[in-house]
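My questions will all concern the structure given below.
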Amino acid sequence: MSILIDKSAKVLVQGITGRQGGFHAKLMMEYGADVVGGVTPGKGGEWFEGKPVFDTVRTAVQTTNADVSLVTVPARFAADAIMEAADAGIRLVICLTEHIPVADMMRVVAFCRARGARLLGPNCPGVMTPGQAKVGIIPAMVATAGNVGVVSKSGTLTYEVGFAMKNAGIGISTIVGIGGDPVIGTTFVEVLEMFENDPETEKIALLGEIGGSAEIVAADFIKNAMTKPVAAFIAGRSAPPGKRMGHAGAIVDGGEGSAEEKIQALEAAGARVAANPEEIPGLLA
Amino acid sequence: MSILIDKSAKVLVQGITGRQGGFHAKLMMEYGADVVGGVTPGKGGEWFEGKPVFDTVRTAVQTTNADVSLVTVPARFAADAIMEAADAGIRLVICLTEHIPVADMMRVVAFCRARGARLLGPNCPGVMTPGQAKVGIIPAMVATAGNVGVVSKSGTLTYEVGFAMKNAGIGISTIVGIGGDPVIGTTFVEVLEMFENDPETEKIALLGEIGGSAEIVAADFIKNAMTKPVAAFIAGRSAPPGKRMGHAGAIVDGGEGSAEEKIQALEAAGARVAANPEEIPGLLA
Amino acid sequence: MKLHEYQSKFLFREYGIPIPQGRVAGAADEVQEIAAELGGVVVIKAQVHVGGRGKAGGVKVAKDAAEARRHAENILGMDIKGLRVEKVLVDPGADIRQEIYLAITNDRGARMPLIMASMEGGMDIEELNRERPEAIIREHVDPIMGLQDYQMTFIASAMGMPRAQWRSFGKILRGLYQCYVKSDAELAEINPLVITGDGELLAVDGKVIIDDNALFRQPALTAERDTSDEPESERQAREAGITYIKLDGQIGCMVNGAGLAMTTMDMTKLYGDADGIGPANFLDIGGGATPEQVAAALRIILSDDNVKCVLFNIFGGITRCDEVANGILTAYNEVKPDVPMVIRLQGTNAAEGNRIISEAQLPNIISAETLTEAAKRAVAAVKEGA
Amino acid sequence: MKLHEYQSKFLFREYGIPIPQGRVAGAADEVQEIAAELGGVVVIKAQVHVGGRGKAGGVKVAKDAAEARRHAENILGMDIKGLRVEKVLVDPGADIRQEIYLAITNDRGARMPLIMASMEGGMDIEELNRERPEAIIREHVDPIMGLQDYQMTFIASAMGMPRAQWRSFGKILRGLYQCYVKSDAELAEINPLVITGDGELLAVDGKVIIDDNALFRQPALTAERDTSDEPESERQAREAGITYIKLDGQIGCMVNGAGLAMTTMDMTKLYGDADGIGPANFLDIGGGATPEQVAAALRIILSDDNVKCVLFNIFGGITRCDEVANGILTAYNEVKPDVPMVIRLQGTNAAEGNRIISEAQLPNIISAETLTEAAKRAVAAVKEGA
């Protein structure tokens, strides 16, 4: 097993005829993901690397039985694309797009919840179950299959940690990038719960950062509902308050969301918190 | 048993300090309904016939544990009042108010569904479980307790039929007025299903009218999912097409919604359809 | 409340929907002037609240202003299905490559707005729905979320709209949805929406019906109400706060409650139809009718010369029959009806009400216990009077 | 994007929220003129993007125009927490009976708009939240449904708003919510909203922050952007499409990805803090950075005189390290940095990238295998250079 995706996932790429969408669609296919088609309004009937392109997600789902969709369209079209996927019955929507307005995301998250679709992201690198499938942009080389679940707000930091684990001989069940935006579809707690319930996951690495209180809520969950050990790293200890550190959500505001309080909460919950992400493999050994 | 309400229902009246709200609140209390309070924004802290008045439904529910609410406020405030009740956790909202715009009701019905609240009406006479409780304006004198469930789009026609049943010695489990507007919260089928599942209801009287297709859908349900006998009457056989017969929903439009097609569908489904409502007791005997 | 074609299209224009640059006129002189200004071929279209005006000769094409004038002279004042044409719309002729159907309406069953779209526009939608239902694309709109872009793509794609028109079609659909929502419309229909020779979209005909219950928040549209084709009796009833609809029979009905009012009509027909007797009207006097309203209702019923008998059917619930009886007496003395009146009072205080009526010993009053009895007696009274 | 107080209040006014009839000025002459026109007591308020201006002397009350001028002379050009005051708002004095707090903000955790309201306004909300959290009423708004009337009643009732003010408070709350939604605000705050001596409500101070990601659909607000207090280097970075934030340390960081960029900063501090060494900046060059962007980023980093070493930390995923290496060489040759550069390339094509760097045999280049090694070497380089 694994969480969210395995090799049976039938994947659509929304924006497949775009530069980024097409590039990653190919890499995903090379990795072994079952990309069944793509969606680009106005290009229905074309083909991409042997896969059909549709005008709408609804038609694509009717034709291909896709159950997962990767949204790679520009920010001003992304909210609509996510809702389209949720409305068409896609069970897991993964949104790479960054710079989507927060107001749009609040509506989109409520919409996805009402339609029973899970949203990952936006502004996330996607999800990878090593050896089975990947949906998103996580590079194939950063992980091998194993029993540690990884959940993270960021992209390259996750690759860094995955790569360090790989070098230390530690494999990964599933890597889940939840994204660094203020309002995201799936939070740490939801992913932790999936890992807790996944028989193939034995330990978890959690990579958080400053801003918001998702890590505090996660600490609470770790304390009260988890049996599996968690190793964590929180980025942004050296960030000054009031400044947004690249990610729209990474800002210490009004004394809330600092790395210190998150680290303290996680440690109090029994998680082992690394001062340096390259120490994570040691904490998981 | 009975459906929707029995004597345990704790009832709020929204608009209790208004003329209509107060008048019916008193009659409901006289009948034995447990009216626990009322709501009128700006009059919180006042009293009505020994019952507390609150500014908001939320506060009223917190204080009284009300689970049913009767909405008697004017049309332009009614949509908000219904949503307030649904949002406050009221399980059954009964709306007497007529002339609410259809656009408002479409939003309100979707909202109630999302909040898990059942809405009866708008523009309905309410619900009465003879001998136990009534919420709405159905006169006490039109029914005695018994085993026939009555569901109707209209008010006085229902009293007429209830009264004829009473004179024929036939008692009623619950009378449900669903309202004659184009968009209503609870349809015939939903009430038929409740009656089908209610051990105290043995037979059902359904009073429909021209307009829409709710009776056709009900006929389908009667045919496929009901074991209990149904007697029916459809008002409006003499109404010309294209004219709205008082009720906002009572119009034969584009050939749809005529009494004939409804009567045919009900008869085909095995219901006994009366040509005269005073024949209903005979069909139930 | 129905809007005329020209009102509907001018409303569409406010929402960015392209329409022909026509104008409305009430006189042939004006039509000639407008046609001359527009130049070229024009279409003269009768503005009446009824379908089938084309077949009735209410729509004519004119090559020039002089011909436009001649057509206008014929159409203005014409009678179409009982309605007099007071105004015509003068539109420039359009170069039509394709006719499309596009409408948004309330779907009662789904309790959601419904978009209907078809590349086979121009014809009556009910006819198309009977003959080729698969040619109509149906899409519901979540009433809380509103219309989403992806739904517009779906509709354009599914209906087979040429890709070159997707963008402008999307704008029109969004505009029509906005119009439907902001105007509290029950129906907002463009039929046909045409693709012109040079690929533009143009709303050539339009129909909008506004939800009467929402007029309180639509002052601009309420001001557009054209009541010229409303029967005088219905206008009087509306102003008195009574719902009255004139029908063709002989028995005037006065009832409390819409469902019971329809039922009472049905009963007169049930027992009278064999003799060509039936209801003269629908009338709901509502819950707490005053003697003044009863009198007004009685006057309205009797203003119909066909009425040979009046049937009162009151089921007292909250309404008390004794009060209604007093109202009837007051109304009777004021109106002095010269036809028989069958009075049936039932429910709250019925005995007292019946006593009041019988003690008044009015001529021509027939009382009844049940609705069935009342309907039969009213039918008999008409037969006797005939 | 933060709006100044005056911009926020003028925006509120567009949504029907009553504000004092003040005006903004950049010179003392103008202030005197405005004060004279307004008559009576006025308040001169520094317009800077920072809290605590009152304590810093940036807000003064003047009895007349002459005094207003004197205050303006002091406040204009004043330095408040490193920011120079370029403009002041001149507001008429208000007769304040009660100060109220009212704000709408994005609740990240709940993923919904959150309304916060308190009868104890005027003070800093974070302080109030620490000291008397129960004095703040919190109400979430369904982001799809929007704010409902019953919620306004609930807030007014729960916060203890006097009934006489419910109606006007409701209008202001609705206006503020509209403003928040239509402006894509992250925060729309009125503090204080005052009840005046004659019972009117008035937004005396206001703060609005706009979601940068939504500026593409907010042209009017984008035009209001005041970048006068933005550091020159951050402006350059913004224009080059790079996220750069200046910090106080000595190690310039160039990293791909925001999370890794923060982490790299943290590592320099982890290993350097004991010696007073830390990051000079946050810099994310993003995914597919071109050699031109690398050069621009390098120039921006080096424009900070505190920088004694530059640390490149690139984890190649989709980005190929050989391409980044070539970018670094190009940038190096263009910019000719005179400080040591620690270069750590890992991930896709790392070996090739490292080969390119080492073969170029540039002076002052230190390579590293891991992030830990890279951070330690950068710290050591700073220590050596000191």
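Each chain gets a letter, A, B, C and D, in the order it is written, and its residues are counted from 1.
Quick note on the criterion: contacts are C-beta pairs under 8 Å (C-beta built on N, C-alpha and C of every residue); 3 or more make two chains touch, one makes a residue touch a chain.
Since this is a predicted model, take the numbers as computed values, not measurements.
K.L.:
If you take the mean of the Cα atoms for each chain, which one ends up farthest from chain A?
P.N.:
C
K.L.:
Tell me which has more C-beta contacts between its two chains, B-D or B-C.
P.N.:
Output for the comparison: B-C.
K.L.:
Could you please state the distance in Å, as a whole number, between where the Cα atoms of chain A are centred and where those of chain C are centred?
P.N.:
55
K.L.:
Suppose each chain is reduced to the average of its Cα coordinates; what separation in Å results between chain B and chain C?
P.N.:
That gives a centre separation of 27 Å.
K.L.:
Would you mind pulling out the distance in Å between where the CA atoms of chain A average out and where those of chain B do?
P.N.:
48
K.L.:
Going by the contact rule already set, what residues in chain A reach two or more other chains?
P.N.:
Touching at least two other chains: 107, 111.
K.L.:
Tell me, which residues of chain D touch at least two other chains?
P.N.:
In chain D, the residues touching two or more other chains are 144-145.
K.L.:
When you draw the chains as points and link the ones that touch, which shape shows up: line, ring, star, complete, or other?
P.N.:
other
K.L.:
What is the complete set of touching chain pairs?
P.N.:
A-C, A-D, B-C, B-D, C-D
K.L.:
Can you check the complex and tell me which residues of chain B touch chain D?
P.N.:
Touching chain D: residues 41-42, 44, 55-59, 77, 80-81, 83-84, 87, 107, 111 of chain B.
K.L.:
Can you tell me which positions in chain D touch chain A when the two form their complex?
P.N.:
106, 108-109, 111-113, 126, 142-144, 181, 184, 186, 211-214, 216-217, 243, 245, 247, 249, 255-263, 265-270, 278-279, 282, 284, 315-318, 346-348, 370-372
K.L.:
Flag every residue of chain C that touches chain D in the complex, lowest number first.
P.N.:
Going through chain C, the ones touching chain D are 144-145.
K.L.:
Under the touch definition given earlier, write down the residues of chain D that touch chain B in their complex.
P.N.:
Answer in residue numbers: 145, 148-150, 153-154, 157-158, 163, 166.
K.L.:
Quick one: in the complex, what on chain B touches chain C?
P.N.:
Within the complex, chain B touches chain C at residues 23-24, 27, 75-76, 99-107, 109-111, 137-139, 141-142, 152-160, 163-164, 180, 182-183, 207, 209-210, 212-214, 217, 233, 235-240, 243-250, 254-255, 259, 275-278.
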